[in-house]
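Here chain A shows up in two complexes: once beside chain B, once beside chain C.
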Partner chain A sequence: MANVALSEAEKTFILHGVEEDFRCDGRSRRDYRPMELECEIVNNASGSARLRLANTDILVGVKCEIDTPTSLHPDQGKIEFFVDCSANATPEFEGRGGEELALELADTLTNAYESPSAFDLKSLCILPGQHCWKLYVDILILECGGNLFDAVSLASKAAIFNTRIPKVTAAVMDAGEAELLISDDPYNCTRIEIDNIPILVTVCKIGDCCVVDPSAEEEQCSTASLVVGVSKRNNKCYVSHTHTVGGGSLHKDTMYKCLNLGVTAGATLNDALEKALRLEESRVGNKRKETVGFLK
Partner chain B sequence: MAQSGVVFGSYAPRVNPKELFDRLTTPKTLELEPRPTFIKVGAVSNVKGSAYMEYGNTKVMAQVEPPKEISKNSNRSGTLGLILCSVKYAPFAALDSEVVARKESFMSVALKKALEPVICRHEFANFQLEIKVLIIDDDGCALSTAINCCGAALIEGGIPTYDLLTSSTVCVLNGQEFVNPTADVEDLLRSLPGCDNSSEEHGVLVTASLSGVGQISECFQKGYLLPETLERLCDHSLAINLRMVDTIKHVLVNKVKQHIASQEGEESNGSDEDMENNS
Partner chain C sequence: MTTNVNIRLALDRVNMGLLAQNQANAPRLYTPGEVVTAQQGFMKGHGTYVEGDDIKASVAGVMEQVNKLVSIKPLKSRYVGEIGDVVVARITEVQQKRWKVDTNSRLDSILLLSSVNLPGGELRRRVAEDEQAMRKYLQEGDLISAEVQNIYDEGTLSLYTRSLKYGKLSQGLLVKVFPSLVKRRKTHFHNLPCGASIILGNNGFIWVSPSSRSDGEGGDGGFSQNLSEIIPRGDREVIARLRNCILALAHCKMMLYDTSIQYAYEESMKYEVHELLQQEAIFDVAFLTQHRLRLQEE
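On to the complex of A and B.
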């Protein structure tokens, strides 16, 4: 990820802090940094969200287009993730520098959303075998301050929550082909169920301890982390995706410890996010709100 | 699939995944054993290290190119060597092209992650190591077979590693656990959970481990699993990895024995050709 040059002494300082359960910014090992979340800030997108997690800045836009379902899954819609690492974030992303990371982020999200229990593509189907909605989730990384996986997944979930898909009012049959009429009333729309949508939690192994939400400096001190996709269903936490990150390996027991920490953190984070989203919506309501973010 | 009301358009009706599942031979008891395996190290002569592996019907070829120096002006050089991995499906390994592209890209990333912790990268400062894998036939477990094959190829090529790398795949479908799932099971894993709204667990897990030092270099899972199930699957997969070590060790030891025998033959009667033909 973003390279921060750290000396050995600084690394030792961070390591000792983690061991004492008192990190450089005063958090404990299980704490997240403050987050700022704002929905509906891009007018041209069907749904959008901007998340700022300390120094990590993510902008997500969701667009929906009509597509034809695949022959293998005629009753399912489609979803596609695209991550763009802006060169503004770090100079390393210049040119094709961020491509590998972008691909990894997009792949991780695709894998986490793949299970029908995690994200039900059937709700995006309009006419089985003929028309479905395709969601393009475009993720822009504006600033990189560590913990990209978590930030990207939270922002994506918020943007999908914010997405409004116009209602199809009529289908005209023309020589066996259905032609769709889309409602042009911006308030006549459907929403996407987000209850089961997974979020990703990165658990970083520093020294002998595991921490959540590592900052860019802490990421430098760790050789191995585990990304866990946590999805809630019937008040139980399921894991929809796991993979290891970093050039190091983990012991079995450490991995299970990371996994359990990730699942508990994910559950709490998920509740907090959903609460925040509902709160924002109830306060703003239906009216066009004033954007507070940088995109004024 | 039952369609209510008017059926729009026409698409080929597929066999109900449920029926397909019933037709599968489900294992009665859980046997934590690898499939019948064939490994040949040094299968390609003009690269540094190579291996060919058959894991049941899955056939994979891996080759390791000799380390190359990274040019000074690229900013990728560092104190640790760079690993580049590419996984390609043979054109005749029947899969539709859309799936192949995605599989290749994610397998390359996963393979790289599995190999990075194993290779002593500090010995290749400013160098890059390119590892190429060709999947000739995919009957499930393609990723884990590729990792196994690369592990053997690395050692054959004399690349310093911390331990033998072994890998395996396990999956859960409809409450039934499959070790070393075949291509049919892996296909069902994609289509079966979608057909009813049951919140039943399903998922696939690939682990790669260094059994000697008890480290997991890669853990890749997708699907929908309870954390407890995931831990159980992980234990099973690690048990298979441990069994796999013996096989690979045996092959590598045999290779060394052969090599020594041929060298001794060269010293005694000056021609190693005859010795190799005899053995």
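On to the complex of A and C.
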């Protein structure tokens, strides 16, 4: 992660603040910073979203392409995550500097989406064994202000919600090979069910306490954090993946505490995201006139 | 205890530009490539270039004119140092007889061992032992307040802390804003009546810390840090509120100095500290502060 140097005194100040349940910006340990979301910001992608969480800025674009399913799972589609850490975010990402972090983020997302009850790949299948949709989820990190995991997962979920997959109107069988006819009408499309799609919640252990949504400075003060993938099913939240970040280790009691906090925070976060997404859709309608974008 | 999550839509983004509109004397903002002056007889200063007969802006910012010299001061830029500026800076490297310091300028600044006060305050030649103990005084990551002593030809700043008011900073909070937003004043050290002290570094680094009770004058030339001291909740709230207020003013591109910060702090009292992260509250506080500042001017 982008390293910010902190002096011992600053770290002490942050640490005591977390223990007091009053963080440097006035939040409690369980509060998130305000976020800003906009869907359909990239015109030439099937779906896109931009999420800004304080200083963390994430742009996600989803492209769908027709692919052949693997022989192992002939009835499943594919999803691939690619994270690009822009050198605009921090000079450290220049060249290959951001590669490690990018891989870590992409792997965590892949793992969180892996379970069939978290993300149903079968819905992406067109003709079992022959054709399926492959979703390319391209994530661009434009600015780093801490808590990348949460922001990336929220933005991805929003972009997938925004994704419109064109409908396949007909399949012509030609010598055992199916040829697909894709609808030309941009409004003749299917959507992806996002109810179960997991989000990631980073629970950061600072001192003896756990906090959600750590800022870049707070991340510096923690030795270990736990990324919890939270997926909702039948209005209940489940852990779909966990991943530890940082060099430290966690005691099993702390781990349990972190998981608990992660799941409850994840539930609220999920609800808030879905509410925002539906609100935006109802306000914008089917046709988007103009995007707000980055300026202003 | 519940988690507070607030996801808002970009559609609802508060237009902070409205603040400038109700300002009578809002400065004109030039964009790169825009003609600043087409008249003859002007000289091009920083942030401008000549094309044909026109002087054009090369950065986005406001115009400053000194007699016939026209320059554009960029809104967002790295810190351009001037001798005598108060800066808040972070040590990045310990080298031979000097520290490398990050002052948010284009190049690393330096702090010579000979330009610090040694602990104990005695004035003597720096010997080899002092050189070896340099990391004991200031190590990587430490924050200091200092003054720009000299600017080298290539633009490197040389700092000094040989005054009791400068030195290592203890517990507190660093807020980063654009350097152009910090107003140049007679003093940049303030003990605000709300119970916190701030150092407004000219380089855009602002240090907010609890009001020092014992060492009002800087005390021992500052190498001590009391890490075991726990800042009480009340002080913390003041500091966090100040931080959010400073960021709110900076977000609205308002100048930062003791009065504006104090006003913003007072106007923000109707909000909870964490509510000040929301755009509406930011706008409201900035608007009320602007209003009060204007009343005071009249």
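Definition applied: the second predicted complex is superposed on the first by the 294 of 296 C-alpha atoms of A that agree within 3 Å, B and C clash if a C-alpha of one lies under 4 Å from a C-alpha of the other, contacts with A are read in each partner's own complex, and residues count from 1 in each chain.
Note that in this section a contact is a pair of C-beta atoms (placed from the backbone, for glycine too) under 8 Å apart; a residue touches a chain by one contact, two chains touch by 3 or more.
Just so you know, these numbers come straight off a predicted model, no measurement behind them.
Asker: For the overlay on chain A, clash or fit between chain B and chain C?
Answerer: In the superposition, chain B and chain C stay clear of each other.
Asker: Pick one for A:103: touches chain B only (first), chain C only (second), both, or neither.
Answerer: first
Asker: For A:63, using the defined touch cut-off, is the partner it touches chain B, chain C, both, or neither? Pick first, second, both or neither.
Answerer: In the superposition, A:63 contacts neither chain B nor chain C.
Asker: One more residue to check, A:72. First (chain B), second (chain C), both or neither?
Answerer: first
Asker: Who does A:247 touch here: chain B (first), chain C (second), both, or neither?
Answerer: Only chain B; A:247 stays clear of chain C.
Asker: Look at A:260 in the shared chain and tell me whether it touches chain B only, chain C only, both, or neither; answer first, second, both or neither.
Answerer: In the superposed model, A:260 contacts chain B only, not chain C.
Asker: To be precise, I mean the smallest distance between any C-alpha of chain B and any C-alpha of chain C in the superposed model; what is it in Å?
Answerer: Superposed on chain A, the two chains' closest C-alpha atoms are separated by 10 Å.
Asker: Provide the residue numbers of chain B that touch chain A in the complex, in ascending order.
Answerer: So the residues of chain B in touch with chain A come to 1, 3, 8-12, 14, 75, 80, 102, 105-106, 109-110, 113, 116-118, 121, 191, 193-194, 199, 201-203, 210, 214-227, 230-231, 234, 238.
Asker: Sort out for me which residues of chain C touch chain A in the complex.
Answerer: Touch list, chain C to chain A: 1-11, 13, 15, 17, 90, 92, 140-143, 169-174, 225, 227, 230-231, 233, 236-237, 239-241, 243-244, 272-274, 276-279.
Asker: In their complex, what parts of chain A are in touch with chain C?
Answerer: Residues 5-10, 12-13, 16-17, 20, 22-28, 30-38, 50, 54, 154, 212, 264-265, 268-269, 271-273, 275-276, 279-280, 283-284, 291-293, 296 of chain A touch chain C in their complex.
Asker: Going by the contact rule at the top, pick out the chain A residues touching chain B in the complex.
Answerer: 71-76, 92, 103-104, 107, 110-112, 114-118, 121-122, 127-130, 176-178, 224, 226, 231, 233-234, 236-245, 247-252, 255-256, 259-260, 263
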